[in-house]
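Got a structure here, written out as structure tokens. Questions coming.
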Amino acid sequence: MRNLAKQPGDGQRREFVLTLACDDKPGLTAAVTGTLADNEGNILDAQQYRDPLSLRFFMRIVFELTTGAEVERIRADLPQAMNATGLDWRIRPAARPRRVLMMVSRYDHCLADLLYRHRTGELNMEVAGIVSNHPRSVFDTGLLGDLPFHHLPIAKGRKHEQEQQVRRIIADTGAELVVLARYMQILSDDFAADLRGMCINIHHSFLPAFKGGRPYQQAFARGVKMIGATAHYVTADLDEGPIIAQDVEHIDHADSPQELVRKGRDIERRVLASAVRYHLEDRVLLSGDRKTVVFA
Amino acid sequence: MRNLAKQPGDGQRREFVLTLACDDKPGLTAAVTGTLADNEGNILDAQQYRDPLSLRFFMRIVFELTTGAEVERIRADLPQAMNATGLDWRIRPAARPRRVLMMVSRYDHCLADLLYRHRTGELNMEVAGIVSNHPRSVFDTGLLGDLPFHHLPIAKGRKHEQEQQVRRIIADTGAELVVLARYMQILSDDFAADLRGMCINIHHSFLPAFKGGRPYQQAFARGVKMIGATAHYVTADLDEGPIIAQDVEHIDHADSPQELVRKGRDIERRVLASAVRYHLEDRVLLSGDRKTVVFA
Amino acid sequence: MRNLAKQPGDGQRREFVLTLACDDKPGLTAAVTGTLADNEGNILDAQQYRDPLSLRFFMRIVFELTTGAEVERIRADLPQAMNATGLDWRIRPAARPRRVLMMVSRYDHCLADLLYRHRTGELNMEVAGIVSNHPRSVFDTGLLGDLPFHHLPIAKGRKHEQEQQVRRIIADTGAELVVLARYMQILSDDFAADLRGMCINIHHSFLPAFKGGRPYQQAFARGVKMIGATAHYVTADLDEGPIIAQDVEHIDHADSPQELVRKGRDIERRVLASAVRYHLEDRVLLSGDRKTVVFA
Amino acid sequence: MRNLAKQPGDGQRREFVLTLACDDKPGLTAAVTGTLADNEGNILDAQQYRDPLSLRFFMRIVFELTTGAEVERIRADLPQAMNATGLDWRIRPAARPRRVLMMVSRYDHCLADLLYRHRTGELNMEVAGIVSNHPRSVFDTGLLGDLPFHHLPIAKGRKHEQEQQVRRIIADTGAELVVLARYMQILSDDFAADLRGMCINIHHSFLPAFKGGRPYQQAFARGVKMIGATAHYVTADLDEGPIIAQDVEHIDHADSPQELVRKGRDIERRVLASAVRYHLEDRVLLSGDRKTVVFA
């Protein structure tokens, strides 16, 4: 299907997404909404959260500007209006698609799902390219179309070199998000650290259960009655990154490991698609090193 | 179990819930949050929604007042600060329990569940009494304890008289919410109209499927693969009231109508409890005559 | 991805699926399992159900034959061993893929999903072709690959002619199942009747709620808190055919009709894929004109 | 509510449940069903499963006897008809309630739920008594009614003595099942071993995630997006017993540990009730030391 979906923010409507985090204090919401009102920003949606442990304040506001108003004035006024410590904020035009680099190994169900959702207009992104440690011939050609494909195998002991190539693609394409769509290689600590908050992985278990390899076999061996998947930001600490989305399904004793793999594919692609969509819509904020705030 | 749960808002913390609906226009959020900030109200949670069809604006804000500040000043300032048409608003202390009248017929699983949740502190309410068209002896005495019980049968053609008795109990106890916890009598149009927005019913189907009587038998006859329950505000238009909460479960061909009834009990009590809790926490706003906004 | 999945029943293992329905009487299970045992059939899985209203007995048995044994002997012995009235039965080799004709209109998410699952080996079928009332250019070429595509528009008042063309394709390809994968045309009564039990449709609501057109708009207007999809066999009685699978998801007031459509796509493709898989694995038996027995 | 539910197997209908496990070989199903047919047993429901790793065969059959037929003849014929190694089997009258001992600490939501389901007739059991390490005064008297209550605190270093008392109650009452309904004490290895397959515990996490204490706090700290509960048979290896049932619910960043506890209560009581019902209906068979076969 051609992309029939109307893209949001098509010139007439100028929608923006403001996300921010800072140390909590009274009056923050009023300061933000007042700044928007003073600069002709009309709030369409607003969500906020105060973490009771870290005492950090998180906010996401979708607003539109009336004709003639300038978002730069909001950008200029906001920090002093808030006068908050530890302030981290950004304003993005809601309509602008972000460039996304996909990385995949042999199993392409998650990749296929993301590409299909892209075509239906559900994911507001541009595909910067596809990186695989397997050759293009492994994949269905209809799936890949004429997207830039990079076969970057990892020679023994030379992961660093391959990652340099990936870094170059990210730099060249201006990719703002990297999605590990069942990419079965572990990123080096350096690379993981550099991709902080901009690299999403799908793990095929309901973490923290069944960390590490072959989770469906682990699940079968343990005799659990449900399996799941977890989408999380990649960190150097494997399978410990901040969780964005999770889901599960019921299974029973008669489900073989192969059947678990089949059922798991559906959960994985659903969970990863949710996490990527949340990220692209600026709904996910990091809360410390291990948690996320997701304004769903 | 005795009520071990800490009640919110216990004197030191003074939390309030502001709910409002009005015709949409720019600057509403800033006007509300500014009014709160000007009067030492610190926003703890805020949600809003603009209905794209009716162009009505809905908002729920939880705020706390610093010591010495007075909620009456907010009450005084808010309407003029907003200057909105069709404004409907209220501010309630979050801690004050509301008085609730329960009505029940023979099946008491929903009643039992609500009373248990009350005891655990999950539902911030006082039970104003229990009305049934069946005598007290039908029910387990442990369940009812020493709650005021009113046996109000409906003599043929004399529903009006019985409803007068219920109205009197509502007036005498100051009940602010009436819960039809599997009360198998249809309220008269007058009574339903007078209870607009303050009477919640549980219907044992996923409305609008299987309106009317014996929904589990209807579901069995139709061969659906899931059953459900719906909690809604009562209106004169039977089974058409604004829906607050719904849920379903999967069934299969082997489930007899009796088995559906058993599975349904779990869904009914879960859905009704959610709807009552949302109402008691001021999370439900009426949106026209047929819909709700639920800030969950 | 190339079809990497190992197909079941690859020569060494000879698995068969026996399905049957008949009027209930004592000893049926023993008669069937005895016949299998006498002819060297080893039972791998067995499920049965007796409908308490119609007193019909339903059974599905997966068995394998030891080397040298012949399934024809079982076929010959079974009817007399059972000696049952209203007996309807068949034995199929589990490994043989069935030929499936897909019909689709403009929205191709269900088609794309089925084709992908076919490629992963999850659906044991051969695609006999794709019929659409829209031209091939409407669809993504990567999706269709070199599958036979038939553009069969319906000229005003000439549905009968178009259906004749579809009938011819079914006959020519030996299609054993027709899947209406969001085919937005109503089959004529004749055609629906002729396809009894071999044509699966996906309806985008949790039937019997929101029959007819534009169910997501109906759902939005009614203010329900969940949406769903229903896969059913096609009958002349529109939206009343025997239901095979259903599923739902929670929504809230903020979901626009467009958002419901997006969420609905996921439910539709999941539900249709389940129903098609159940059918292909001989797990679905018709129970009268309106219900199914699904041995999941 | 008084127990209004009709008990199954009320004299006229004589239903039995046969459960068995043995090493797999061809013809087992035919041998069992043939034995039943030869002795006037009419099969109402039958399920079977062959574990592909252990090559064990599991079966559950519900059958009824025609008037005059004797179940003892089936009991006599079955072992030789099957001639199977490692055979473990039993036949129980479906209607006979089993005696169940409940053990509970401070949190009584699971206990309350089980007792309520007992009163509605959903759980076919007799309550042999309630054991708690807390005094009766901790609990709501309406809940306990006149059920035998044993306050058995555990003095420091004297767990063995308390367990002796529990053993005596089990012996005296003939309890066939012990349910740890949020009993926050760890059984000694000896006691756990002696209760193999007849003691069900509810753990408040989706095992194997968050083993050990305070799982909701662990879940909050890790930032997972769902919480769950697990019902399992008790073994000496804590939190590693064979799982019978699990379920989860979605949560988000705004759910405090207290909110998780509230949501968790609903999951816990639902999961434990399912597991107890499956056990009472002879639907659960142990498969080795760590897994179960549940014919749901």
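Letters A, B, C and D name the chains as they come in the text, with residue numbers starting at 1 for each one.
Following the convention adopted for this analysis, a residue touches a chain if its C-beta (ideal position, glycine included) is under 8 Å from a C-beta of that chain, and two chains touch if they have at least 3 such contacts.
These numbers come from a predicted model, not from an experiment.
Peer 1: What chains do chain A and chain D have as common neighbours?
Peer 2: A chain counts here if it touches both chain A and chain D, which gives B, C.
Peer 1: Chain C and chain A are one sequence twice: same or different residues at the contact, by the over-half rule?
Peer 2: same
Peer 1: Find the chain most remote from chain D, comparing centres computed as mean CA coordinates.
Peer 2: Here the answer is chain A, farthest from chain D.
Peer 1: Sort out for me whether B-C or C-D is joined by the greater number of C-beta contact pairs.
Peer 2: B-C
Peer 1: Could you state the distance in Å from the CA-based centre of chain C to that of chain D?
Peer 2: Chain centres of chain C and chain D, defined by C-alpha means, are spaced 37 Å apart.
Peer 1: Report the inter-chain centroid distance for chain B and chain C in whole angstrom, where each centroid is the mean of the CA atoms.
Peer 2: 42
Peer 1: Please output the residue numbers of chain A that touch at least 2 other chains, ranges allowed.
Peer 2: If we look for residues of chain A contacting two or more partner chains, we find 45, 49, 254.
Peer 1: Based on which chains touch which, is the overall arrangement a line, ring, star, complete graph, or other?
Peer 2: Per interface graph, the chains form a complete graph.
Peer 1: Under the definition above, what is the set of chain C residues touching chain D in their complex?
Peer 2: Against chain D, chain C makes touches at 26-31, 33-34, 36-38, 40, 42-50, 66.
Peer 1: Quick check on the complex: what are the chain D residues that touch chain B?
Peer 2: Touching chain B from chain D are residues 1-2, 45, 106-109, 112, 116, 119-120, 122, 138-145, 254, 262, 265-266, 270.
Peer 1: Using the touch definition up top, name the residues of chain D that touch chain A in the complex.
Peer 2: Counting only chain D, the residues touching chain A are 49, 51-52, 206-210, 221-226, 228, 242-248, 250, 252-254, 256, 287, 290-294, 296.
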